[in-house]
Amino acid sequence: MIIVMKAGAAKKDRDEVLKRIRELGYRPHVIHGEIRDVIGAVGDERGKTVLQSIESMHGVENVVPILQPYKLASKEVRKEPSVVRISDEVSIGGDRLIIMAGPCSVESEQQIMESALAVKKAGAHILRGGAFKPRTSPYSFQGLEEDGLKLLAKARDLTGLPVVTEVINPETADLVAEYADILQIGARNSQNFALLKKVGQLKRPVLLKRGMSMTIQEFLMSAEYIMSEGNQSVILCERGIRTFETATRNTLDLSAIPVLKEKTHLPVVIDPSHGTGNHHYVAPMCFAAAAAGADGLIVEVHPDPEHASSDGPQSLKPAKFDRMMEKLKLFAEAAGKTL
Amino acid sequence: MIIVMKAGAAKKDRDEVLKRIRELGYRPHVIHGEIRDVIGAVGDERGKTVLQSIESMHGVENVVPILQPYKLASKEVRKEPSVVRISDEVSIGGDRLIIMAGPCSVESEQQIMESALAVKKAGAHILRGGAFKPRTSPYSFQGLEEDGLKLLAKARDLTGLPVVTEVINPETADLVAEYADILQIGARNSQNFALLKKVGQLKRPVLLKRGMSMTIQEFLMSAEYIMSEGNQSVILCERGIRTFETATRNTLDLSAIPVLKEKTHLPVVIDPSHGTGNHHYVAPMCFAAAAAGADGLIVEVHPDPEHASSDGPQSLKPAKFDRMMEKLKLFAEAAGKTL
Amino acid sequence: MIIVMKAGAAKKDRDEVLKRIRELGYRPHVIHGEIRDVIGAVGDERGKTVLQSIESMHGVENVVPILQPYKLASKEVRKEPSVVRISDEVSIGGDRLIIMAGPCSVESEQQIMESALAVKKAGAHILRGGAFKPRTSPYSFQGLEEDGLKLLAKARDLTGLPVVTEVINPETADLVAEYADILQIGARNSQNFALLKKVGQLKRPVLLKRGMSMTIQEFLMSAEYIMSEGNQSVILCERGIRTFETATRNTLDLSAIPVLKEKTHLPVVIDPSHGTGNHHYVAPMCFAAAAAGADGLIVEVHPDPEHASSDGPQSLKPAKFDRMMEKLKLFAEAAGKTL
Amino acid sequence: MIIVMKAGAAKKDRDEVLKRIRELGYRPHVIHGEIRDVIGAVGDERGKTVLQSIESMHGVENVVPILQPYKLASKEVRKEPSVVRISDEVSIGGDRLIIMAGPCSVESEQQIMESALAVKKAGAHILRGGAFKPRTSPYSFQGLEEDGLKLLAKARDLTGLPVVTEVINPETADLVAEYADILQIGARNSQNFALLKKVGQLKRPVLLKRGMSMTIQEFLMSAEYIMSEGNQSVILCERGIRTFETATRNTLDLSAIPVLKEKTHLPVVIDPSHGTGNHHYVAPMCFAAAAAGADGLIVEVHPDPEHASSDGPQSLKPAKFDRMMEKLKLFAEAAGKTL
């Protein structure tokens, strides 16, 4: 950590800072500048001590952290990419581009079976579908809950596709884990630390969505929460960040792929459906994500988007998904992956 | 709701849209434009039906909602301002500017007693202090939990100040409600709908913080979640939104005060400590919030910020808080309120 | 345009609005809703009249525009994609993915000649290089100005590559147009309307960069400024928008590609160098842009980035650019284009 | 400047960095950390040398600047606040809260005379009004240009109020300076460096508006451009930044007041009309700005906003402006200023 002193700070103030740095277990090094002094504090910044509080001290301009605050998620701990095993057939993070597809919400047996068969036929590897739905409005459809989980399990039996579905609450996490192959943490719960700790204690891979205004660093800190509880099977999912632009529902940050690949060993999945909010833009963003090196995609597919209970405007119809998958193969291959 | 058809959309497409509008229980009105048609759908948009799904239909350009999606929080339901009663002496939303002050975290008996006495002496009406702490890093101090709640209760006994503290989990909400006078929902949990529903079922006023990337409309929808479960005692708290600017920790959106005063009857409190993240900027933002018509302020005060476990850089020392309160009186009076 | 009246607005207020709509040359259509009335105003909203001013009228809640405010840039005027001719060999907007490459600034004869030969050898079609440099600091290198233009012309003579360079001022625009094949308008000048009008009067294609906080709609309005002066040869360039994320210099908005392809006939070029600000992230973003359907890329290449006068950290070395071009071919082909 | 080396960077890489630091005229100091080395480079970072380019070197993780890049605008050069003289009666930056008011655009003689008399009567000190208008659409009213300037001069003769009006182009800057008492640089031209240099050479105070996505640091760098050309009479104007929130036209960043007061000696003016875009929110934001310590306000006032050529929805009618001024006195006094 670097402590920048104010221009013309008194020697007394500097000595107090040096004393406090030592108290906290770091070794201070002073660099005398032309206008101000700068103090380097050497030691592992990721302990429980609170170097940031030095910013309150007299004569201090600001405190600049040097180390990344995450450990388990970082490349320092593990250099080679993590491969998260989902089932005997499916792993995320290796040479295959993994496709998760299905409706936003499970609405009925017919709807989810039809969806599951359609995405399986088009070549998807994992079925997505929401049973517990976090909705902005209390008056919107909140999901079929346990009945939805049962239907997802039935669709898995029918198709052999593993199932990813959202957990919205520590209290119902065990229930969801009974049925699901992957536990999804939604964007709005990405800093619900009680929930992160809970899924960190379960034996199921976790698909962690990036929050709408979450920096990459905070994203990795949320992964660290799950990992520090013992669950190392974390899959990161970029799903669009909130910006001033309104032509798309969110702004899909595809540069997060190379940034994350540089900073972490965890696999990276992209969600162009929420990222754009418009089914017209989903296919090009799938191609772009594959080209940029994503390990997987999660795509909303609905047999009848005009009558969907949620997210109709961003859902692909099966025929369109099928055509997209055909073209996607070419981009996956160019990126050195197979579908 | 207004459905904008594409330029040159086929009559067949328009007829399908009209049919679907009627199916959903609305009455359609077509306006024939020079380049495109526009269809008004008359009816209450806030039901469980899903007019938005029409955006997926052929020939539809986009769908523009007209009504606000909240009811209980809106001025349509209640025109006069709500006054939320906290204790025999303290209510929020009336003629007094209510000040909540205290440390970010409860750290020790001495620290919280000292803080409580100091803020009481300076004229604060409510004591703040965190027992369960939502921290970005799993390695940071997570709060004293129930021990912290007990210390807050003890500080209330000592000073007579009601206590506001954060709830981070449905599972521990009842416990917190045993000790606290106001339940705080933090910015990172502002769309944790399971938690919102839970505090909506409790008999305690709720201080709901705005999420970092939450629009005003989403903010009111989160209030609506709490209110729709039966708890009408909701206090809204603006605490800074996330923007590109890095000179402050967040960007405190003071225009939220007049916007909220126009749209809702609920009281509005401002948090300049998190809003700016820097104790130098807290006092001017307190004055500005009072001038803009806030019903209350929540301010971090710590007897020893250099040694604080969290949020030291944005905490005021008691002497500075005292001076701030002196000046604040003038602005409260100019705004027609008393401290 | 749709005028939304307030709930319970007086009939008198509505009649005033209807009168004003007619005065402005539109035909009003009232839709009586359950809670409020909504008025459609039929007529071409893109005239000089000021329907927005109705928002100031008594009883009006808000005014929602329906039509896009641009004409010449829109698909309504021209359905097929525009192909912008640069030279006998090079056009942008057709079946080839066009690569513009070169240093941020022209620094010396040796540097620009070396760069030009390197990018030519790697397969680039156009040479980029700044002679007039808009720099955030008045103390930074401001470019070689006319000497830089002369060196660019010399590099064109040497390699046959057409040249794109920035115009920062109406006063020097004619001078730049004497030397350059494409006039670049930088992000910071994207709403410098005096400059847009000026290049609209010149006979040179314009590469218009999107401003850092410009919506897609505003971007097309700036194109419209150029086109409305008579110059239809506009190439749009997405170069990253400003968001809260700091891991990259800007957030490259690749979804702008399908959005622009839906709304305009103009070609779209992507700038991953400014978009990410980090040479490690440039290649993956080039691949992603090609996959998403971009018509071209503009990439910073410098023979010696460690000694560059500007933008060193985001410049590729020639060898790395060469390897990137090799791989790019595969993605261009998958997207149905040739390099 | 601090150079952070990668974890495990080779000694050879570090030596290259040290050599380069010395070449650039700085003295390097190495701090050996537990995981990585950090190098302090001592010397004035604000020269023309390009320390940032070190980020391209092998083994370098990133480069962190320590000094602010502005000089003339900083408190290091001048500790006491600058007072910018406008006329014999009016100065900005002293004990008076200066009010600039008037219409967005000069539309006609009657309109500007009526506006000028109204704002004078209500107590404003300076008349605002646009003659050259930067408009997002080429089809919108572009201002009366020189005729508008003449009308402004006439209004000044009538009322004695100095006049502030916008300059949009280096070519017409001299013309504007003949008529205006203060030259306004609009938000969209805030990084039009050619224009900044031009007004830096003129002998007129400059009101510099903050760009929509400009950081405080970039804002001060644009002031530095003007000052480095010789014109020290710069007034900074916060007018709202662009964020995700759509309930207001922009997000007025009032915390910019204490931040700027800490970093610069230049006076700070607030524009709540553009900041909120809604006349209902203007008065509370005026009060808040005064409370936070602003040196002045600039407010749009129009005798007939329903018929205004631009910005009707955010303009106050004279009677409302009058009432606002009455209340504003109380807040100015509480802040230790007079109106």
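Odds and ends about this structure:
Should a chain be cited, it is by its letter among A, B, C and D, assigned in written order, with residues numbered from 1 in that chain.
Here is the rule we go by: contacts are C-beta pairs under 8 Å (C-beta built on N, C-alpha and C of every residue); 3 or more make two chains touch, one makes a residue touch a chain.
Labels paired with UniProt names: A, B, C, D = 3-deoxy-7-phosphoheptulonate synthase.
Everything numeric in this text was worked out from a predicted model, so none of it was measured.
Between chain A and chain C, the least number of touching-chain steps is 1. Between A-C and the choices B-D, C-D or A-B, the pair with more than half the same contact pairs by residue number is B-D. Most remote chain with respect to chain C, judged by CA-atom centres, is B. Rounded to whole angstrom units, the spacing between the C-alpha centres of chain A and chain B is 26. Centroids built from CA atoms put chain D at 31 Å from chain B.
Chain B and chain C, compared by their mean Cα positions, are separated by 38 Å.
Those residues of chain B in touch with two or more other chains are numbered 213, 242-244, 246. Contacts from chain A toward chain D in the complex involve residues 2, 4, 7, 29, 31-36, 38, 40, 42-44, 64, 66-67, 76, 242-244, 246.
Of all residues in chain D, only 213, 215-217, 241, 243-248, 251-259, 262, 275-276, 280-281, 284-285, 287-293, 327, 330-331, 333-335 touch chain B in the complex they form. Looking at the complex, you find that chain C touches chain D at residues 20, 46-48, 50, 52-57, 69-70, 134-141, 168-171, 188-189, 191-195, 197, 211-213, 218, 221, 224-225, 228-229, 242, 279, 305-310, 312-313, 315.
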